[in-house]
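Next, two complexes with subunit A in common: one pairs it with subunit B, the other with subunit C.
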Partner chain A sequence: MGSTRRQFLWAMGATAASVGVRWTSDVVWAAQGSGDPGWSPGTERFVNSSCLVCPARCGIRGRVVDDRLVRLTGNPFHPMSRGGLCPRGVAGVQLLYHPDRISAPCRRVGARGAQAWEEITWDDALGQLGARLQSLRQRGQPEALALLAGYCAGSMHDLWQQFLQSYGSPNYIADDYDDGTAAVMELMHGIGRSPGYDLERAGFVLSFGAPLFEAWWSPLQAFAAFAGPDGDNGAPTRFVQVDTRFSRTAARAHDWAGIRPGTFGVLALGIAYVLIRDELYDAEFVARHVSGFEDVADAGGERREGYRSLVMRNYRTEEVSAVTGVPVGRITSLARAFAEAAHPVAVCGPDVTHAPNGLLAACAVHSLNVLMGSVSRPGGVLFGNEAPLAPLAAPVVDPRGRAGLDRGPLAPSQTPFGRGDPAMRFAGAVAAGEAGAVDTLLLYYANPLASALRRQVWEEALQRIPFIVSFSPFHDETTAHADLILPDLLAYERWQDAPTPASYPYPVWGVVRPLVDPHPGARHTGDAVLAVARQLGGSVARSLPYESFETLLKARAAGLFATRRGMTLGDAFELRHQQQMEERGWWLPEHREFEAFWDEAVDRGGWTDPFIDETEPAGLARTSSGRIELLPARLLEALATVGEGRTAYLDVAAAAAGGSDDFPLRLIPYRVSTLSSGTLPLQRWLAETPGLFPDVHWDPWIEVAPTTANTLGFANDTMVWVVSAHGRYRARLKVFPGTAPQNVCAPYGLRHPDGEPANPLHLLDGSSDPLTALPNWFTTFVRLERA
Partner chain B sequence: MTRWGMVIDLARCTGCAACEVACKSENNIPTVSPDQAEMGRATSWMRVMAEPKGAFPDTTLEFYPRPCMHCDNPPCIKVCPVRATYIDPEGIVGQIYPRCIGCRYCANACPYTVKYFNWYGPEWPESERQYRNPDVSVRAKGVIEKCTFCHHRLQKAREDARAQGRQLREEDYQPACAEICPTDAIVFGDLDNPTHRVAELKEDPRVMRLMEDLGTQPKVYYLRQRT
Partner chain C sequence: MQSYPPTRTPTMRWHLVGMTCLVVTLTCPLGTLTAQDPLPTQNALAGSRVFGSAGCSLCHAINGLGGTHGPDLARFPQSRTFYDLATAMWNHLPGMVAQMDKLGIERPHLSGREIGDLIALLFSVGYFDAPGDVDRGQAIFAQKRCVACHQVAGTGGVIGPNLGTADVTPIEFAAGMWNHGPAMSEAMRSQGIQRPRFSGAELNDLIAYLKSTTQSLPTGPLYVVPGLAGEGRRTFVEKHCNDCHAVGGQGGSGAPDLAERARSSSLLTFAAAMWNKAPAMLASMQARGLSVPSLTPREMANLVSYMYSVKYFAQAGDARRGRQRVRDRGCLACHALHGRGEKVARDFAVMVGLDSPAAVIAALWNHVLIREAPASGQPAWPRMGSRDIADLTAFLQSLSTGRSPSGR
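Up next is the complex of A and B:
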């Protein structure tokens, strides 16, 4: 009897196995490192902290073995993350141990941008910076100091403000994410901050291009509402996404509608038309709390058209459908579903505001919340999630500082609403102005050469600034032009605070604490600023009398302890219990002593107050009339002067523009949840699979509809140049059926593995909304060429 | 009898890929160079597959987080000439790296393509050595590796429970993907224990398994989208 095939294979295997063992004999098979003499598995501990990778500020829990951070998960006590975390948060360990970290303070020795550095001591570095700032102030030019700061809400932001103010510089230049909604709230409610959305208690979320599940203020906030409470089989919040591309949010929403770029506002008013026509809106709320809805006769007896007449006259569903590309039946059904839901809320994303008619469109979207009364009530738009921290010590401004402040910011906003793009405006002013107007530029989590719309303008501006200091912990494009680098510690090594972003309905004040010993060559920028303040002495030192950033943080937390509301973070049961107590007017202290309160807040990861007081009238409107304004007088005035012929809500024409023969395709740039927009380096786990496509690794890509790719003769995976009238970059073409045939969707935040930039924002035409100066993201047309 | 299994609710999955990254972090999965990744040599024990259908604007997209299915009737085991891949009494399909000869039969036999071959020794730049998980061995060149349901966590959880003189609880043993999922789409537990959530969820009318007709009897169940 011959051997069976199976026995043969076993025999083969045995032979191969013996080869195999020799072949790999140098490999340590057991747990890693156990071959090293003296190896031990280590002692593990779990520490709660907060994530600073994106503005969401989720709670994290680090697994620390000996003194190495080996894993990050979500902090189960944090109401937003509840033990979950996004991929970028998890990959934070790759930032902590990133090979591009700067290991010591550096002084430039070669030409700017040549990346030739000499390592110096911290005393030397801080001494150099302090001396420079001292002499600048003594020369009576404190305003020649400018700070370019990325997103830094919380005490780090307040510290910088206080430092600049007492020093005498009005040039705090924000270079962070602005979704443009704060201007809308200022106009309609008299409350100048981005709104919070109570998504979890909303019954129906109608999102106008908001990337809720990808790169919104806080994807985890949206996830919590999407998935519902743990184990809840009841009807979760229903999500409907209106978007220009088939985004991941659109894919996972319960329903989605494709729309032409730049027509979000028209669709919103089409929905408003149905709500008013079919009397589906909350007439009682509108009558009690809203002005500008009905026609009015003004002082001169002249009749002024109200919101209702405007909408009924101009936004019939047929016309809206023709402009937006959303079918008539769809508009009607969206409006009905929105009106019939228990707690509907319309969310306005950055795609709405970054358009030629952005402010009007965003007002139109928010008017849906006003019509349905979804303001200052459960499941609606809410204001006031600021934690009641103790303020910093009163700032002291001496005459020299006062003179600097009085000279005003170098590049003030020229537009009636919002702040526009302060960083780009600053660069433009520096590049166009005299050399020396800015003497020293501090870079704090800002990398404009990678992220700004006009790279060349920034290059010129940097050349005109004599002294540039970067606090970046990593080498990046802009830091390469610095004269001095003072590397910051990472979020896993330092003390900071992490208040949840504006979108969260109630305050959560996360504590960031060191999980591992700090890098010996880096230092907390907060501590560095305090040290420089001490060195400067006088009013600056008196304004910042803190020994370290940790003591500053603790001093501010005393405000939370004294406020007699809220609680240190706790599990879902504790949170609900607190909510119900406060609803009934009760509050019980958890601690007698501040020290005990502080220890527990640090241990659990922060403080929160889950109670939302919807009966507070100031939460509804702080306008002079005390009502929500649908046709704010300030908006009408601004339209008359800089509106370029527009009138309130009439934004139909802007969408009509199309491509040309030279540039036939519309560019749709978008953010990807796994990538940052320039200040952080690529993390290998994320770069290996950055998006939806399992076969895209590391390379920047663009998405093109199958029909378009066919017409152009490009196969999937072709490398192409994306060319606009303003620039070009190389990317891999992916055929994706979720892209409209006339569009090219381009994620940003990627570079080629060799460092070649690939930023679709560099291709934009530079136009902006005349009312807010926010850049237009969707008005640029491109063509594709084989690379 | 304990049978470890997983239920993934596709109606909850947003395709964020936190599970993928958490798995890489937990299981010391090395990244490869961009060129190697281009050749399909990137390893991802957990992978979120995306399947777009239709044309704009009537597009749909399904996400399928795909770990090893830990089949009750695993095709990979039958072809392994050296018994390097095995199924343990509690249903976890494992891989004994020192025994694996790198023939890749199992990788070819697996209909779910969850077995990954190490074409090169793992590259661990000094920076990346810092955050390796001391509980999980690294794999050598020439062996197959795969999702283990994080069974090193089971060993630890058992020891802890024994030391505290109590039974193992559902929350004691959760793989990294289930632990991190921000929408709670991935649920893990003992399929045969009626007190565990998976036992209840696998009876849901929306339940299905991938390529069930092959007779592999996967222990990873999916709950279809709600319609």
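Up next is the complex of A and C:
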């Protein structure tokens, strides 16, 4: 009988342990003889910093022994994460000491993708990059420089922007985490930022596909909110998850409502129907602060239907039930529970917006908050402000740079709202455009060959770019195509800043500081950019007059010192006391000198302002009418041109059509908090983190309903091919009753142990919401074949 | 061991402190002290850190923030001095320790600075008004006839400025009420409107209402730091307030001594008092040939801070009486004094580090708890009055600085 890998690992572990015991015993006994074991306890210290593993940017506290980071925990002073840390954050230690770190700048010496490299000095590497960029500018083609910025936190984003602007390139390509909700808030409130949710004070959280406890903006925000004391009314926060599958978030909720993919907006409007029909909405709030609720007559005297009429005419519970699959009684009870709660809030997840009618559906979900007045109120949607950092030095743009900027971005957004998928748009433009349109591509924490929906397009694009520079500290699929690698320091070795995501409404400016000495062969990308700027001289150097990224950060922190609000991070009582003081109109300064403020901010892990003035009318709406728009004029205009005949709210019922005989099952990709990361190949043990299936760890899996598996003749744990019209990958089939019979649920971020890709996103049909260009994640159909 | 300049007795020092700006630091921590501020000391914000980190908030709340095992420390009578608060800590120590034992909480050891900061926090809680009520503010705006002259949200008269267009902070509001008071009085007289009286709470509600109607985004810092009492004292002189008012017997006699009347008033209570008494004050000033001083918001904040602080160290201790307290409160049942007395606890004369009142109070807080009555028959835990604590503090400080109490 052959042994499994697990048995092999156990055997190896046991052997190592026994060797270790034997060796240790020898040392101890030998030491007894000499009287000096030659060992002493290390010097231990604890250092606060911020995590940069994902966009949540929680507070961390490193335990450092003799300048070696031995453990990461949460920083208890961080107001969002409050001492918590997810498994990925904890696992950061392993990245720091990973043997596969790129140990020096590298120049490609073989064919692209052949992984043949020659180590060079930093002076040589920066000199090559600087000379290339200098030449490009002198040829009058600064716009031929592009940056693909995947995960670009805080001031690194601003530094790159300023560098490109002063250089003369409009091609800053963000490949990050747009969920489309900022566009909704811009339309309805005139506030162009994603909503913050005051989960801690909410009495009832109705989540529409938001993976609050998985891969949401900040799972720890949700954990902290639901683990806290009861709400203002003394009752615990009630949490209902509406989802297309029985997710880990659904498992943690008080209640779960299964729904057909792409119909979240319909359900929201069905709930709105009950709220209006039974007069359960906040009529006073709507009358005072909302526009578009009632019918109006336009300038020509023609009657224009308002939100109330649209909903009452189109979203009766019976019709909504037929579309969504949610029973009528359930819709009614959800509506009543939502209305009766002291502080209800509807949370819009990315599953709502990554759909053909995503923008309209998200507007429908948020309209529930508007109906209940859950905006700029405790427990509702709050719009915080960015941390008031001092701006970077004024950018200087010379005529050559101005000419490059004036030529405009290579792949501008063609949709009315949001940014869509700029990285795919850029790759498509490069692949289909003229040769030389992009001469040099900088890759900053971006690995599009692994993450993009269309890998082939990116492969073609990369082939057409003459010079590619990666700043990745590890080799990955895209870095394999680079000409030059300038390895960055990890977040535990460098200075940076880490603002929290918009889902946490209060501004938190986390400080990232070195916990240990930096890797000798790597360099902070921020410092590298500043060095190249100095090399380029002229307007670029004058735009970035900072000796190092640390000095840049410190200069920006002066804005926090001067703002006369907020505080350096502190414990729960300090935060609440500060909040109370500011609520009463007062602010107590902590420090006389900036240096003392900076030292304390660094020591405690950052700065925050724990107060949002909920009485401030500008926190409610900054539209031209001063009211929240339920039927935004800009949306109606856009629908008239690119809406393919749709009207606001009306066609959210148009769920995607069903599958075909060839591809009968709908693919539901989803993110898992520990897996949706490009670092998984480096941290394979994260795959061991217990999930819904404790017995599946190393293999990519899919979830299929028992009836579907039975019909197809697949037993549990069968290896199958998941096949769409656009590709296929292998996965282990798990029979799971939490999956609807017509769906196949597929976690995103896994790979096979041998590196074989298993990315469900590569199977998607490539369609998108015409209003936002956000890709549709739930319109692709697949079949399963035995592997 | 540190010592103060020998030319100042403790009593003199506290008098000096009371007359300058020490107490300012109650509400204005180190960050706003200038180089001229004579002493650092007590920082309410740092006190909030102590309150949380030392575990006080596990049992006590301040304005509803914190635990419920002990009383909410913001809900005591307002007129409290440093020694009132220190006395409360001493007298409740046995009960607090028992409760902490019950809850499994270790009694924190506090330094003098921490005690000072903590007391500063407790003293300052009454200074900052809770947010007002918007609806009540709207009603007051109509009932008090503000609406007759001022416009808010498109409604109201145009005689006065539109109050719905600017950011409103308590200090700006208070200063505006004072500066425009004479003109407003005149306008009301010409309109046949009776000049209204306000309470601090009513002004607070009014501010809440006005703030809720402001459509514009804040253009600058919304908050202001509390005033500097030292600066306030200078303003008190420069604006000739002391021509009529005295503070602690120093100043004019034509109007009440504000130290006698001083209570721990909030800013808006003070502003309301100034508004209500303005006609009488103006008449008195005119009779004396004085012009009505204009106050910037900053000056108003400083003045209120000064008034607020007058009371804090008003109760300077007397070392001679303190020596007597050591005897009659039973301290010598355990402690020795200059080698005489019981030897269970340390000799008062050799204690070090008691170089400030806060350090003395910290020593009292950290005091070993006596659970059984000593053989002398004195009570196990003597209760003290605030005067006792002040005197005791003065006495122990005098020992710590190496000098004997006056009269010995």
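Convention: the second predicted complex is superposed on the first by the 725 of 787 C-alpha atoms of A that agree within 3 Å, B and C clash if a C-alpha of one lies under 4 Å from a C-alpha of the other, contacts with A are read in each partner's own complex, and residues count from 1 in each chain.
As a convention for this text, a residue touches a chain if its C-beta (ideal position, glycine included) is under 8 Å from a C-beta of that chain, and two chains touch if they have at least 3 such contacts.
Only a predicted model underlies this, so the values are computations on that prediction, with no experimental measurement involved.
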With both structures superposed, pick whichever of subunit B and subunit C touches the larger number of subunit A residues. B
Name the contact category of A:615: first (subunit B only), second (subunit C only), both, or neither. second
Between subunit B (first) and subunit C (second), which, if any, makes contact with A:589: first, second, both or neither? second
May I ask you to decide whether A:41 touches subunit B, subunit C, both, or neither, giving the answer as first, second, both or neither? first
What is the contact status of A:564 with respect to subunit B (first) and subunit C (second): first, second, both, or neither? second
In the overlaid three-chain picture, which partner chain does A:91 touch, first (subunit B) or second (subunit C), both, or neither? first
Taking the contacts subunit A makes with subunit B in one complex and with subunit C in the other, which residues are shared? none
Per the contact definition, I'd like the list of subunit C residues that touch subunit A in the complex. 27-33, 44-46, 48-49, 51-53, 57, 62-63, 65-66, 128-131, 134, 169-171, 207-208, 211-218, 221-226
Touching residues (chain side subunit A, partner subunit C) in the complex: 563-565, 567, 570-574, 576-578, 580-592, 613, 615-618, 622, 626
Which of the residues in subunit B come into contact with subunit A in the complex? 12-18, 20-22, 24-26, 28, 31-32, 34, 37-38, 40, 42, 44, 47, 49-50, 52-57, 59-61, 63, 80-82, 97-103, 121, 125-128, 130-138, 140-143, 176, 179-185, 197
The subunit A residues in contact with subunit B across the complex are 9-10, 12-14, 16-17, 19-21, 23-24, 27-33, 41-42, 65, 68-74, 81, 83-87, 89-91, 93-94, 96-99, 213, 219-220, 223-224, 226-227, 230-231, 246, 248, 251-252, 256-258, 325, 673-674, 684-686, 688-689, 692-695, 697-699, 705-707, 736-741, 753
